[in-house]
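Next come the structures, one after another.
Common to both upcoming complexes is chain A, partnered first by chain B, then by chain C.
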Partner chain A sequence: MSSETAGGTDGRNDAVLLLGVALGLYALFTVVSVLLGYDLNGIVNTLRRITFLSAIYAILVLALNLQWGYAGLFNIGVAGFMAVGVYTMAMLSTSPTSTFPGLGLPLPIGILGGVLAAALLGVIAALPALRLRGDYLAIVTLAFAEIIRRTYRSPVLEEFSIAGLDLGTGGSRGMSLPENPIRIIFYQTPGDPASDPSALGAAIFDFSSGLGVQPSVVVGWVYAIVLLVGVAGVYWLLMRVGFSPFGRVLKAIREDEVVARALGKDTRWFKIKTFALGCALMGFGGILWRLTGGYVATSMFEPIYTFYIFVALIIGGAGSNTGSVIGGAVFASLLFQGPNFVKRLVTEYVAVGSPPNTLFDAIGALGGLDVTPLVAYTLSDVNVAALRLVLLGVVLVYLIQNRPEGLLGHRKEVASPIDLGERDRQEGQS
Partner chain B sequence: MTERESGNRALTAVRDRPLLVVFAAIVLVLTLDLLRRLLTGAVGTHDLATYLWNGAVLGLSIGLAGMGLAMTYSILSFANFAHGDLVTSGAVAGWIAAFLVAGWGDFAAEALVHLGGPFPLNTNTLGISVTSTPVAIVVGLVVAAVATAVLAVVVDRVVYKPMRDQSGISLLIASVGVALAIRYLLVFTFQAGRRGLTAGQQTPSFSVPIGGGTISVNAHQLTLVVVAALLMLGTHLVLRHTKLGTAMRAMADNENLARVTGIPTERVVLTTWLLGGALTGAAGYLIALERGTLTMDFGWLLLLLIFAAVILGGIGSVYGAMVGGIVIGVSSRLSLVWLPESFIVVAAFLVMIAMLLVRPSGLMGGVRTA
Partner chain C sequence: MTPETTRDEADVGPGSETEPLLQVRDISKRYGGIVAVDGASFDVEQGTLTGLIGPNGAGKSTTFDLITGNQSPDAGQVRFDGQDVTDDRPDEVAQRGLVRTFQIARELDEMTVLENVMLAPRNQIGETLWRSVVPVARDRVVDQERDLREAAWETLEFLELDHLAGEYAGTLSGGQRKLLELARVLMTDPDMILLDEPLAGVNPTLETKLLDRLHELRAEEGLTFLLVEHDMDVIMNHCDPVIVLHQGAVLTQGSPAEVRQDERVLEAYLGGEVDE
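Up next is the complex of A and B:
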C-alpha cells in the first residue's frame, strides 16, 4: 500500500474502498437471501438489518478509535457508557404514564441529555486514566461499566422519586423507550402501533406494498439511512479532530507520552477531553441502537458487547477512521450475522434431521461414518450462538498474532502533519 | 520535634496526597459510624459476625483464585482475561471426575459426564459431600489441578508463546480471545445451564452462637478455608525456599537480568503456568464445592473481583492476592451495613478503584512474587 494511503490523506481512495465494501456486502447478502428463497420483502429486510447493524457498529468503533487508536487510551467499558446514554435519554424522554416512568421531555432534549451524561461520566472515568498504565486502565474501565450496569439493574432504582418527580429504570425488567422518531414521517399518531398512516406515509406504503415490501421494512430502511448519515457525521467530526493540532497531540501521546509532555503539551487535559468526546459518541451510538427497539434492559450492556466493538476495531485496524467504519461493517455482517446465515443455508439445502441430545452422541455417530448428527448438533440455535463466540475468540487471537495492524494493513495515521516516511525514503535514495 | 514542624508535615501530607487524605477520612467516618451503629444496636454483633464470616469465605475464594493470576501477571506482565475461564475449566474437569467416582455404576456415565445438564440427575441421591464421599472430593481436586495446569500450558504454547516480545496490551487482547474460546467451547461441549453439585441436606453444618444469634458454618466452607490456607503455605514454601522460586522472583524483578545470569526463562515460564494453572483449577473446584452449584460463566463473573484482589494486594504478590481477596470479600459484605444487597459487587469495585487512585502499587506494594 502506498505511503499516501498510509497517511490517510487520500480521501478519494478511502471513499472507493468504503463503497466497494458496502457493495460487496450488499451483493453477498442479496445472493444469500436469494439462495434462501426469500421474497423481495425478505431480501430488502436482510439488507436493512445489515445496514442497521453496520452503521451502529461503525459509530461505536469510530468512538473507540478516537480513544484507543488516536490517544492510546485502552477503554474496555464501552458498554457502560452506552448504557448511560440510553438510560439517561430514557429517563428524560419516556412518557410519565409508562410502567417505569420518565419525565416525558421532547426526544431531542433526551438525546442531548444522554450524550452529555455519557460525556460527564467519561470525564469522571478519565480521572484515573491520568495516572494509570494501560492494563490498570482496562480493568478500571471494565469495573466502571459493571458498576453502571449493576446500578441500573438494582431494585432500588426500579422506581423512585426525586423532588416529587417519579422516575424508574425498571431494574432487571428493563424499561420502555420513546417511540422511534422516524414514525412521525409515516404515521398520524406515531406513539400508537395501530395508528393510520399519514398522507405521505400512505403514498409511500401504497408504492412499497405494490412491490411486496411491508411498511415496517420501509420504516426500518429510512431509520437505517438516517444512521448512515449519522456515521458520515461522526466520521467527518473525527477526521476534523484527527487532522487538527489537537489530533496531532493525541497521536503524539499514543506514540510517546513523555515526548508530548516534553514539548510542553499538558497531556492530562488532552486525555480528559478525548475520553469525554469518545464516551459522548458511545452514548450517542447506544441511543441510536436502542431507539428502534423501543425497549432497554441491562442485559444489553454486558461486557461482551464491548469486546464485539473491540474485535471490529482490530479488524479495521486501530488508528484509522476509514478502517473503523469498514471494521464495523465487516464485523456486524460477517462475524455477527454470518454464522446464522451459514446455518440457514446449510439447513435449507441439507436435511440434517433433529440434533442429538449431546455432543458425545454426535461424536459417537462418527464411528458409523455418519456426520449428520454432528452437523445437526452444531447447527442447533444455542450451539451456533456458542460457536459464533468461539469463532470471535479465535479471530481475535489470530488477528492480534498475525495482523495486529488490521486487515487493511498499516493505516495508522502518523503523528506529524507531513509524512516522515517519504523524507526517509528520499534521503535513502540520495 | 516542635509542634510547628509536625503541623507543617501534616500540611505537606495533605498537599501532596489529597486523595489519600480524602479516602482516609471516608474510611474513618465509616468506621466511627459502624461503631455507633454497634453501640446503639442498629447493627447487632450477630449481623456483623455474619458479614465478616461470609466476607472471609468469599475473600478466601477470590484470593485463592487470585494466586495463580498474580504469578502469571508478575512473570509475563500482562492481565490475563482468560484466568476466569481457567477457573471454570478446573471446576468442570474436577467435578466431572468427582461425579464419576461418586456415581459410577449407579448412574448413566453420560449423565455424570454432563454433571446432569440435559439429563435428570438428583444430586441428593448422588450424595456428594466432604464427609460422605471424601475419595470423590480428593480425586476431583487433583483432576481439577492437573487438567487446568495442562490447559494453561497448552494455551501458553499456542497463543502467548509466539507473542512473548509484544506489549502487555496485545497479550491482554489475545487473552480476551482465549477467554471467549474456552468459555463457549465448554458451553458447546457440555451445554449451558446451572448444575447442582453437592447434596445440600447431607452437608454437615455447625451453628456458632454469637451475639444473640447463630452463624451457620458448613463443612464445605471449612474445607475451602483449610485447603486455601494449605495451598497458600505451600506456594510460600515453593517461592521462598526452592531454586524455582528464586528464579521466578528474579524474573518478576527483571527478565533480561534473569536471562543473562543464566536462568532458563522459558522453563520458568512453563513452570509458572503449570503451578499457576494447578492453583487456579483447584480454586475453581473448591469455589464450586463451597457454592454447591456451577455455571459455565461463574469464573468469568468472578474475574473482575479476582483482578480487584490482585491489584489491591499489589500485582505479582501472591500473599497480596490473598490479603486483597479478604479485603475485597469482607468490605463487600460489610457494605451491607450501609447499602442494599444489590450493591455488594459495586462496593467491591469501588474499593478497587479507590485503591488504584490512592496506591496503584497495592497494599503490599513493591513486593513481587514473594
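Up next is the complex of A and C:
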C-alpha cells in the first residue's frame, strides 16, 4: 500500500522541475551570451531564440508522446502532419494578392482549418494503423509524410483554381504566409515591414529602446510568450488525457493490444482518436513554428524534423508529458543551438585562424602537433551543422546504452485522475 | 448434453429458457495442413464450473480463441446468451460478458498492478476522450474512478496481490501473473469466464482459496466458468460436467466419475489409438 505512485496528482514537483530546467537554461545562455560579449539586445534575443525553439519542440514532442509514448503508435510522419497544418492555414489565410494566392480568410479560421486538416489526415493515416503494428506502421506513416511533402512541392499545385478560387502552394518555391499576428499589437499596418508603430507599440518600443532592445526582439519575445502559453495549454490537455481511463487504455494498447481487446476495449477507436488528436497538435505546432517567418517551403518538412522530435522525446522519456516538455527544451537549446554557441565561444577565445580547405589539410597538420587547423575546420560554418548530427548520434548511443528510459521515463506515472495508492479508508478497510 | 446435439436443437430461439449459456456447434479451425479444431460441439450450462480437458494439442486453447473471437472459425457457430457471437470481435464478445484469461499470462508489464486491474471494468465513462478532458465531465470520471479503485483494492486483497499494487506488473512471478489475469477478468463483472490453466504456478493454499471463490461466485452470483486445467485432481474434484477434447473434437463429456471411467479418455491421454 505504498504511495509510490508519483506523477499525476503530484503536479507541484513537476512545476518546480519545469521551472528549474527553464531557469537553468536561461542562466546558461545568459552566461554564454555575456562571454560572447553580447549587449543587452543580444542577450535578450538569445533567450528569445531558445524560448521560441524550446516551446515549439515541447508542443511537437508532447503530441508525439501521446501517440508513441502512450499508445505505442510508431508515427514517423510527424513532419508531414506539420506540413498539412501549415499549408492548409496558408491556403486559407494568405492574401489573395500574394504571388501564390490564398483565400485571405481571417487567421484564426486558417489556424483552425490547418489543425482540423492535420487531424483529418491523421484519421486517414490511422486506418492502416488499425491493422499494422510497429515497423510496418512506421513505414506507412513515413511514406504518408513524404507523399504529403512532395504533393505540396508538385508543380501542378504551384498555382491552380478550384471553383473559381485561385490557390497555390508555390511548389518548390514555397509560398508566403499571413503576417505574424503579434505585429497587430505593435504596428498600424502589420503587413507592411516599414509600418509605423501603433500607439501601444510606440510606447513599448520607446521603453525598450531606452534599454537598447530592438523592436523586432520585443515582438519576438511576445510571440515566444504566446508559445509558452500554447505549451501550457497542450500540456494541460495531454495531462488530462494521459491521467485518465482513456490514457490507461492507450498504455494497454502499447503493452499488449490483445489484452485490451480481450477486456472489451474497442481499440480501433482509441487508435483513431489518438492519431487525430496527436496529428492535430502536430499541425498546430507546425503552424506556430512557421507563422513568424512569413514564408513556408517544403524543405521545412523533411523527415529529419521528425527525427529531431523523436530524439527530443527519447531524451525526455517516452510516456511522460513533463519529460516531453523537458526533452523538447533540452534538445532545442543544448543539442540544436548548442553547437553554434560552442563554435562562437571557441572562435571568440581561441585564435583558430581561418579553416583549411580540406579535412586532409586539417589532419595533416596534426603531424606537426598542431590541432588548431582541425578545430577550425570542424567549427567552420559548413561543418558545425554536421557536428550537430554527430552530437545527436553520440547522445542517442549514450542514452540507449545507459538510460534508455530517458530523463523522466523511469517514473511511474499511473494513468488515473486520482492517486490509486490512496484508498478511501473509511470504507472497506480490512 | 450429449456431444451429438444436432444443429436443429441448437437453434432454439434467442432468450429461450432452456438454451445453455454457451453453445459451441461444429467449430473447426485449420492452420495450413494442421487441423487444430475439428468440428467440436459442446454446451456450457449457466452457473456451472465446467472442465475442459484433453491431451496437449487437443485444441483447448484454440477453442478458447475461437469462442472469444481472437480467431474466427473456418466453420461452425458459437452462441452466447442466446446470441450468435461467431463473427464478433474479441472486444464485442467481452462486452457481452464473456471474458477469458490466457494460458501464458499476458500482464501489461510497464503498467502497475493496480493499473492492470483498473483497466478491466466495462463501461468506464472516462474512456471517452472528451470526458477525461472537459472539466465538469471529468468530475464524474473521478467519482467513478474512486468507486473502481475500491473494487480494485478488494480484488487485489482477495487474490493476495495487494502488497504489489504499486509495482510494475512485469516484476511479478509466474503465479502472481496468473492471479493478476484472474483479477482483471473478475473486474470486468462478467457472466462467464474462460480460464486457461489459471492455477499453473499458484501455491496450493491459494489454489484452494481460489477454487472456493470460484464456487462462491458460481453459487451466489450465477457466474459460469469453463476451466482448462491439467491438474486432474482439480478437474475431478471441482468441475461438473467435464468435457474431454481430443484431436480437435469432443471425445466425451459427463460427470467426473463418468469421464474417469471412460476407456477412451485414458487411451487419449496415453497416446493410444482411439477405437470407436
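One rule holds for everything that comes next: the second predicted complex is superposed on the first by the 401 of 430 C-alpha atoms of A that agree within 3 Å, B and C clash if a C-alpha of one lies under 4 Å from a C-alpha of the other, contacts with A are read in each partner's own complex, and residues count from 1 in each chain.
Following the convention adopted for this analysis, contacts are C-beta pairs under 8 Å (C-beta built on N, C-alpha and C of every residue); 3 or more make two chains touch, one makes a residue touch a chain.
Small disclaimer: the values here were computed from a predicted structure and weren't measured.
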Touching partner for A:V241 - first (chain B), second (chain C), both, neither: second
First, second, both or neither for A:G191, with chain B first and chain C second: neither
Partner chain(s) touched by A:G264 [first = chain B, second = chain C, both, neither]: second
Contacts of A:P96 with chain B and chain C, given as first, second, both or neither: neither
Partner chain in contact with A:P108 - chain B first, chain C second, else both or neither: neither
Which of chain B and chain C A:L132 touches, first, second, both or neither: first
Partner chain in contact with A:F307 - chain B first, chain C second, else both or neither: first
First (chain B), second (chain C), both or neither touched by A:I400: first
Complex contact set, residues of chain B against chain A: 78-79, 110, 113-114, 117-118, 159, 162-163, 166-170, 172-174, 176-185, 187-192, 304, 307-308, 311, 340, 342-343, 345-346, 349-350, 352-353, 356-357, 360
Chain B contact footprint on chain A (complex, rising order): 74, 127-128, 131-132, 134-136, 138-140, 142-144, 146-147, 150-151, 153-156, 307, 310, 314, 357-360, 382-383, 386-387, 389-390, 392-397, 400-401, 404
Chain C-facing residues of chain A, complex: 1-5, 237, 240-241, 244-249, 251-252, 254-256, 258-267, 270, 273, 277, 319, 412, 414-418, 420-421, 423-424, 427-428, 430
Footprint of chain A on chain C - complex, ascending: 68, 70, 89-92, 94-95, 99-100, 102, 106, 108-112, 114-115, 118-120, 122, 124-129, 132-133, 138, 141-142, 145-146, 149-150, 152-154, 157, 162-163, 165-166, 168, 184-185, 188
